[in-house]
C-alpha cells in the first residue's frame, strides 16, 4: 500500500536518531581537536631530515648530494653545499648542507625525495597540523626545523625505520669490513715488503740498504683511515 | 469618504489605459494584458455601483464581479493558449506580422 | 488555581490592554490604531523569526543524528568555552549573512532582483496576521474572509519566486523558479480543497470561529478536533502533503534541489538577501503548519478537557503543536529522497486531487447524515469510503521493483 | 477623497500606465500585478472583502503566472530597436477621447456625487446562498465555461503530433 514504505523509512531514521544517543558505536564522528585517532603507520605528510647524534646539525645524514633537489617534481627543495667536509656515520669524509629549505606551500608530499635519497637521510613525517599565520616566512621550513632524530622516525614508522636501520647497519658493517680488509691488506703488503727487503738485504747487504725504507710510510698512512671506523 | 465619481474616474482611466495599450501594442500578449485591464476596470465599476447603490444588501454587483473574475480567468487562459499557438506557428508574437490566412 | 492559570493564559492580551491604556494618555488619537497594530505585530516578529533561528540549528542537529552524525555543537558564547550544545550557531550565521558582501550579477535586472526577497517576505509575514495563536489572540480577525485572506496572500508568493528566478539571468535560477511556480500552482489546488472540508463543516471562513467550533466535547473529555473525524484525518494528511510542497520541503524540494540546480531560484542571491529567502521559506512553512493546526488540530485547544491539560496556556498549546509539526517535517526531510518532476506533478494531479475531491464528498455525507446515523457507524463508513480509493489510487504509485538488467556491466 | 484612496488609486493607475508602456514584457506583467493588487485594495476600500481577496487569489496568484509563462514561452526573437507600438498616436487619441467622454459624463451626472451608505453587512454565507439559489444557473454555466476553457486551452496549446499537419 502507498505510504508503508514511508513509514518503514521513518521508523529506520527514528532508530538512527535514538540509537545515536545511547549507542556510541553508531557515531563515527571524531571531534578532532579534542579527540584524535592515532595516526596510521603508512601516513605521510611533508619530509624531515634524519639525524643520529644529540646535536641535530652535527648528525644530519644528509650529504648535500642534491639528488632530491633535482628529482623534486614541484621543485620545492633548496640546498646549498658546504665548502668543507666532515665525517659521516661511516667515517667517510662528506659534504654537508649549509642550507636545506623546503617550501611547505609547494611541497605535495609525493615522497619522491625519500625514494631517491641514497643515504636514508630524508623521510616522511606524519605531522599534519602545519598551518601557519605567517604566509611568507612561516611556510619556508629550514634545516633546523626539518631535523628530527632517528628515534622519532622509529616511533612514527617502526617497520620502515627497521628496514632503514638494517640497511645502514649493513653499510656500516661493510665499511668496517672494508677498513679491516684494508688494514690487513696493508699490513700484509708491509710484511711482504719487509720480507722482500730483508731478503734483498740478505742477498745484497751493502749498497741496496739505502733503498730499503721506501715502503715504510704506507703502513702508518693506513692506520688513521681505519681509526674513525672503529 | 470618497464619492462615487472618484472610483468611476479611476475605472475610466484604467479602461482607457487598457484600450490604448490594446490598440497600440504589437505583441499579442500585451494586447491581452490590455483587455485584462479593461475587464478589471469594468469590475471596479460593478463593485463601486454596488457599494453606492440604494440596496447594497442584494449583493448583485458583487455577484457580477465574481462572475466577471471567473470569466476573465477563462479568457486569459484561452487567449494565452492562442497566442502561444500563434507564436509556434508564425515564430512571432507580433500581431501585425500575422497576416496569412493559410496555415 | 484555575483562575491563576486563566490569567496566565490571557497574559499577552492583558499586557496589551494595559500598554494601550498607558499610552492612551499622551499619544494623539489617530496614532492609537497604529500603536495597537505595532504591539500586535511585535510578538509575531519576535517569536517566529526566533523560532526559525532555533529550527535551523535543531534541523541540522536532528538530521545529523538521523545520519548518525553529531551535527553542529561548537558555537556557543564567544571567548569562553561555553558551547550551549551549538545553539549559538544561528547567531553566528546571522552575523555572517549580515556582513557578507551582497553580490548582484552584472546581467541581472537590478530592480526586480532587489524587490524579489522583499516581495516574498511581506506576503509570508502577512499570512500570520489571521492565525489565532491563542485564546483571544489573533492579530487581525476577519470574520468573513480569514481563510481566503490566508490563501490569497499565500498565493502571491509564487510571483516573488518567479521574480527572483527571472531577474537573476541565470539558467539555474530560471529553472528553479519555473519548477517552483509549477509546483506551487499544482499543489495549491489540493491545499485549498483539503481545507475546504473544514469550511464546509463549520460553515465559516473565520479562523477563530473554526477553532471555537472544535471546542465541543465528546465522551465528556475529548475535544472535537477535526483530526478525529475520518475526513479530518485524511484531510490533515492531504493538507500536510500539499503544505510540504507549497513550502518546498523535502520530498518536494525540487525548486532548490542543490544536487541538480545549485539553489534554484535564489542561486544568485548572497548575504542578507539569501538570509531573507531562507527566513521566508521557513516562515512560510510555519504559517502552513499554523493553518493546519488551526483547521485540523484544534488550534490552541488542548486535546482533552481535563484539568492539568487545560491549565497550560492556550498559546503554549499552539506553539507546542507547531513545534511538533516542525519536528515531523525535519524527520521527513531526514527520511525521504527527492521526487522527480513528473512524479511530483503526477502525484498532485492523479492522487492528491482525486483524494481531496472524495474527501469533500465524505465530509458532505458526514455532515448530512449527522442526525441519521450514529457516530459509531458513521466513522467506519466514512473511513472505508476514503480507504478504498486511497488503496486504489495508491497502487499506481507504488514502486515496482524488478531486477535490473545491465547490458554491459555483467 | 481620502488619503488611502488617493494613494491606492495613484498606485493602480501609475502601474497600469507602466504595464502598458514598458518595453520589457516581464516588467509589464509585474506592473500589471501591481495594478491588480491596487484594484484589490480599492475593493477593500469599498467593503467588498470577499471580492478583493478573490481578486488577489485569482489575478495575482493565477492569471499573472499564466501571463508570465506565456511571455517566457513566446520569447520574442525580434530585434531590440524595433518599436513596440504601431500607430501610437491614433490609439492614444482614441483612448483619450474615450476617457474625456466618460469623465465628462461621470462628472456631469448627479450619481457621481453620491456618498456611500453605511457599510452593508456582507456575509459570505448569504453570498453562497445566493449563488446556490438565485444565481444557480449562471453558476452552472460558469462551471461549464471554465471546463470548456480549460479543455480548449489544453488542446490549443498542445503540441501537434508529428506528421498530423
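A, B, C and D are the chain letters, set down in written order, and residue numbers restart from 1 in every chain.
Operating definition for what follows: a residue touches a chain if its C-beta (ideal position, glycine included) is under 8 Å from a C-beta of that chain, and two chains touch if they have at least 3 such contacts.
Treat the numbers as computed from the prediction; the structure is a model and nothing was measured.
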What is the chain whose Cα centre is as far as it gets from that of chain C?
A
In terms of CA centres, which chain lies closest to the overall middle?
C
As a quick test, compute the distance in whole Å between the mean CA positions of chain B and chain D.
5
On a C-alpha centroid basis, what's the spacing between chain C and chain D, in Å?
30
Centre-to-centre distance between chain D and chain A (centres being mean Cα positions), rounded to whole Å
85
Cα centre of chain A to Cα centre of chain C, whole Å, reads 66
What are the residue numbers in chain B that touch two or more other chains?
none
Junction residues of chain D - those touching two or more other chains:
50, 54, 62, 69, 122
Which of line, ring, star, complete or other matches the graph of chains that touch?
line
Chains grouped in pairs wherever the two touch, ordered by label
A-C, B-D, C-D
Chain B residues touching chain D - in the complex, by the definition given at the top
1-10, 12-21, 23-30, 32-34, 36-37, 40, 43-44, 47-48, 50-52, 54, 56-57, 59, 62-63, 65-67, 69-78, 80-85, 87-88, 91-94, 96, 103
Given the complex, residues on chain D that touch chain C span 24, 26-27, 30, 33, 37, 49-50, 53-54, 56-57, 60-62, 64-65, 68-69, 72, 122-125
Help me check something: in the complex, which residues belonging to chain A touch chain C?
1-3, 5-6, 9-10, 12-14, 16-17, 19-21, 26-29, 31
Over in the complex, which chain C residues touch chain A? Could you list them?
62, 65-70, 331-332, 334-336, 351, 390-391, 393-395, 397-399
Along chain D, where are the residues that touch chain B in the complex?
1-2, 5, 9, 12-13, 16-17, 19-21, 25, 28-29, 32, 35-36, 39, 42-43, 45-48, 50-51, 54-55, 58-59, 62-63, 66-67, 69-71, 73-74, 76-78, 83-88, 90-92, 94-96, 98-99, 102-103, 106-107, 109, 111-117, 120-122, 126-127, 130-131, 135, 138, 142, 145-146, 149-150, 152-154, 156-157, 159, 165
